[in-house]
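Scrolling down, you'll hit the structures one after another.
Look for chain A in each of the two complexes below; its partner is chain B in the first and chain C in the second.
Up next is the complex of A and B:
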């Protein structure tokens, strides 16, 4: 483990060193790619600027709200559709059709409907994240072991009890995968909405840095969005491990 | 019977849309009738050639390049545990950057031409493909790898007969994620600084308040996403037919 870590750290250090050396050596104009040190200074400047923290809060707010809405709608509808075979048959074609529609296609629409407001951002985020959740929940519900379900029935468990004791535990790993995918997609659409529409947030700050030619700040803000993405991935993995600590995929190394 | 199931809900939804908007006075939500009547006037063969075709070509070029690059680099990284341990944190970070924020940076380097748009698509699409390839190559069955070695399967033959087929399902899963990203990035790159393309056209309609025209563009973009994902599924069935067959056989 520690060996892997040291390789990884060396890789990171090498990456930063390359970022420092390439512009200094004149391989690319420093106006396009400032050396790592300058980006670090710009990052420091951002961190001491109140406006940056406000933008970060706006982005996180859109992300959390959008993800919550998409997740609750996806789970509720997924369980409902998945548990009723007729509904599953009826909705299959529509879900297949709506899912690949790129959520950015909605950008012009939300601009005329809501302008540069939180609603615009939320529509994009919820639309994109909802499908990730719904499809995973549907897969999960389909995975229920018929023998387990029959057994539960034989023991006289009602519909509600079977949902709690059979369906939900089966679907949970899929729900967690969906949540992880949805969390990443939600961040992308959140920042995209801010960047393209101008809804307040990190994306909008990036757009301002670009139009004012503040290249080191542009890179610093991109680094921040990347770190935010890493934090979200790591957080989602942790939540997944915690929620599935009873599941084979997590405790498998010890037990099986 | 299947067909009835497939068609019922879509027909109901479109009908509901038609009826709900039939008498719509809302400037931003025109009747579906108006939208459909506008479509043939907007999406003439000329416009399809000057706006939709270039978008599609850029999309295919970007997606194709990302596929080549992702698989090639993924095989290299996946093949060596040390290389993998070294680059993994950097890859995790780069992948976590929301791809659209790279548009301003790529504009610095590549201006606002076709090259920039293709680069934007590549820069976003390459990660799911690359990381999935790494995972796929890493999980190549050890016994198979040993057997291949003892039969003297090396170099390109090893790549074609062992590594790529073994990693195939993972690579395809990554490519599917990349395809939906490609469409998103195609539209975004055209919404920034462009003078042609589907994304550009739709934003122009929006800015000039040509609302029914804007709706036709949104619907066209939706259809494009559906058609592309359908084509992808066809390609997947051809490429991975052996794998799905194997899975079915194993499940009995």
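Up next is the complex of A and C:
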């Protein structure tokens, strides 16, 4: 564990060093990619600005709400569709048709419907994150061992009990994978929506920095979104390990 | 990506309007107690500084308006916002409003927005070339690549007029659509031969050694009105009192901004990230309280000659207050 961390930090340090050297050596114009030190100074300035924290809160709010909506809808519909074969056949082609549509293609539509508001952001986030959840849940339900299910049935477990004791534990690792993917996608769509539409948040702040020609601030904000992505991934993995601590994949990981 | 979005957004906006003639959001009635909440869609650029300043100075609250400013990334997101009722008012450039008018989008100007300084070479927008460019006059732009932020809009129309005035042939110019913030880099890397920029990019190009070869706004009309505040015709019909109070507050803000450039430069720091040095040096637009009608007629003529409005002619009487 500590080894992974130190390697990760070493990689990051190498990246920062490159970022410092490349513009200073004139490989790219420093006006458009400032050295790491300048970005760090701009980052410090951001951290002392109240408006930055408001933007961060706005982005996180969109992310949390969007992810909650997408996850609950994905799990509920995934279990329902997965458990009823007719529904699965009815929806399979539609899901495959809708799933690859990039959420950003909906931007013109949501702008007309909701303008530069939180709803616009939520539509984009939920649309993108929902499919990640749904498809994983469907895989999870399909993975149920028929022998286990038959056994449970033979012992007289009802539909509800079988969902709780057989289906859910089987699907949970898939749900957790879906959640981890959805969490990352939700952040990307949150920032994209803010950047393109102008909904308040870090993305809108990036757009303002860009139109103001404040290049170091621009990269400082990009660094913040990157760190946010790392934090979300670390958090999602922690949740996953906790929820699946009984599962052999996680128990195996801990034993090593 | 942005070009595509802008095109799709305006198409979608028009479709939505055609489909339902203004969407369903209910206008909240004027409340008896407390100020009326008013949301205005603006673009985070220098041109809208007066409304930020006016809000700070209390010109809106004095008229019972609790002003909220929402920054959108360009007019393409503001017009639908106004039509859907998310914004009561919006800020847009004049040509875009004319295009909307010819497509029967129900919007109308309620107050002036921003105008050219009218001083050639010292305007807040202009046609620039990079350091060491062989191009010295607008006449030499014929057959060259020129960047504008939106094709078939106020940029290409006015740049053509500059070329015509300088004795060049505007027919051969290749216009390239590039967002303002990316123009200094496009110029520096040689993707385009010249660019139509506005502040703060104008300052950035000049700082990098570029020169202004034409002032396309002043070439088009002496005091060209560039942008205006507008509302949906439904709000204007339903709540003339609110619209009247908003117009008064904006006009007071415009007059105040015009008289207090230092305060304008200071307020820029509240909603943009333009650096202090650039804020101190950049050229501010003029903010007259009245729309210059003659300049709009000129813009409309030029736009029609360029085919911006299709077969239609903007009905300025319907667009102007």
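Note that in this section the second predicted complex is superposed on the first by the 242 of 256 C-alpha atoms of A that agree within 3 Å, B and C clash if a C-alpha of one lies under 4 Å from a C-alpha of the other, contacts with A are read in each partner's own complex, and residues count from 1 in each chain.
Here is the rule we go by: a residue touches a chain if its C-beta (ideal position, glycine included) is under 8 Å from a C-beta of that chain, and two chains touch if they have at least 3 such contacts.
Remember, predicted model here, so these are calculated numbers, not experimental data.
Student: Should A:204 be classified as contacting the first partner (chain B), the second (chain C), both, or neither?
Tutor: second
Student: For A:115, using the defined touch cut-off, is the partner it touches chain B, chain C, both, or neither? Pick first, second, both or neither.
Tutor: Only chain C; A:115 stays clear of chain B.
Student: Would you sort A:107 into first (chain B), second (chain C), both or neither based on which partner it touches?
Tutor: both
Student: Tell me which partner A:89 touches in the superposition: chain B (first), chain C (second), both or neither.
Tutor: In the superposition, A:89 touches chain B alone.
Student: Figure out whether A:196 sits in contact with chain B (first) or chain C (second), or with both, or with neither.
Tutor: Both partners.
Student: Would you check which partner chain A:214 touches, where first means chain B only, second means chain C only, and both and neither mean what they say?
Tutor: second
Student: Which chain makes contact with more of the residues of chain A, chain B or else chain C?
Tutor: Counted on chain A, the partner with more touching residues turns out to be B.
Student: Taking the superposition as given, does A:79 touch the first partner, chain B, the second, chain C, both, or neither?
Tutor: neither
Student: A:125 contacts which: chain B (first), chain C (second), both, neither?
Tutor: After superposition on chain A, A:125 lies in contact with neither partner.
Student: On chain A, which stretch or stretches are contacted by chain B in one complex as well as by chain C in the other?
Tutor: 31-32, 107-109, 111-113, 195-196, 207, 209-210
Student: What does chain A use to touch chain B in their complex?
Tutor: For chain A paired with chain B, touching residues are 3-4, 7-12, 14-15, 28, 31-32, 89-94, 97, 99-109, 111-113, 184, 187-188, 190-192, 195-196, 203, 206-207, 209-210, 215, 218-219, 221-222, 225-230, 232-233.
Student: Note which residues of chain A are touching chain C in the complex, please.
Tutor: 29, 31-32, 107-109, 111-117, 195-198, 200, 204, 207-214, 217
Student: Which of the residues in chain B end up touching chain A in this complex?
Tutor: 5-10, 13, 28, 82, 85-90, 92-105, 107-109, 180, 183-184, 187-188, 191-192, 199, 202-203, 205-206, 209, 211, 214-215, 217-218, 221-222, 225-226, 228-229
Student: Residue numbers of chain C touching chain A in their complex, please.
Tutor: Checking each residue of chain C against chain A gives 2, 5, 8-9, 11-13, 16, 23, 41, 44-45, 70-73, 76-77, 80-81, 84, 86-87, 180-181, 184-185, 188, 200-201, 204, 208, 271-275, 278.
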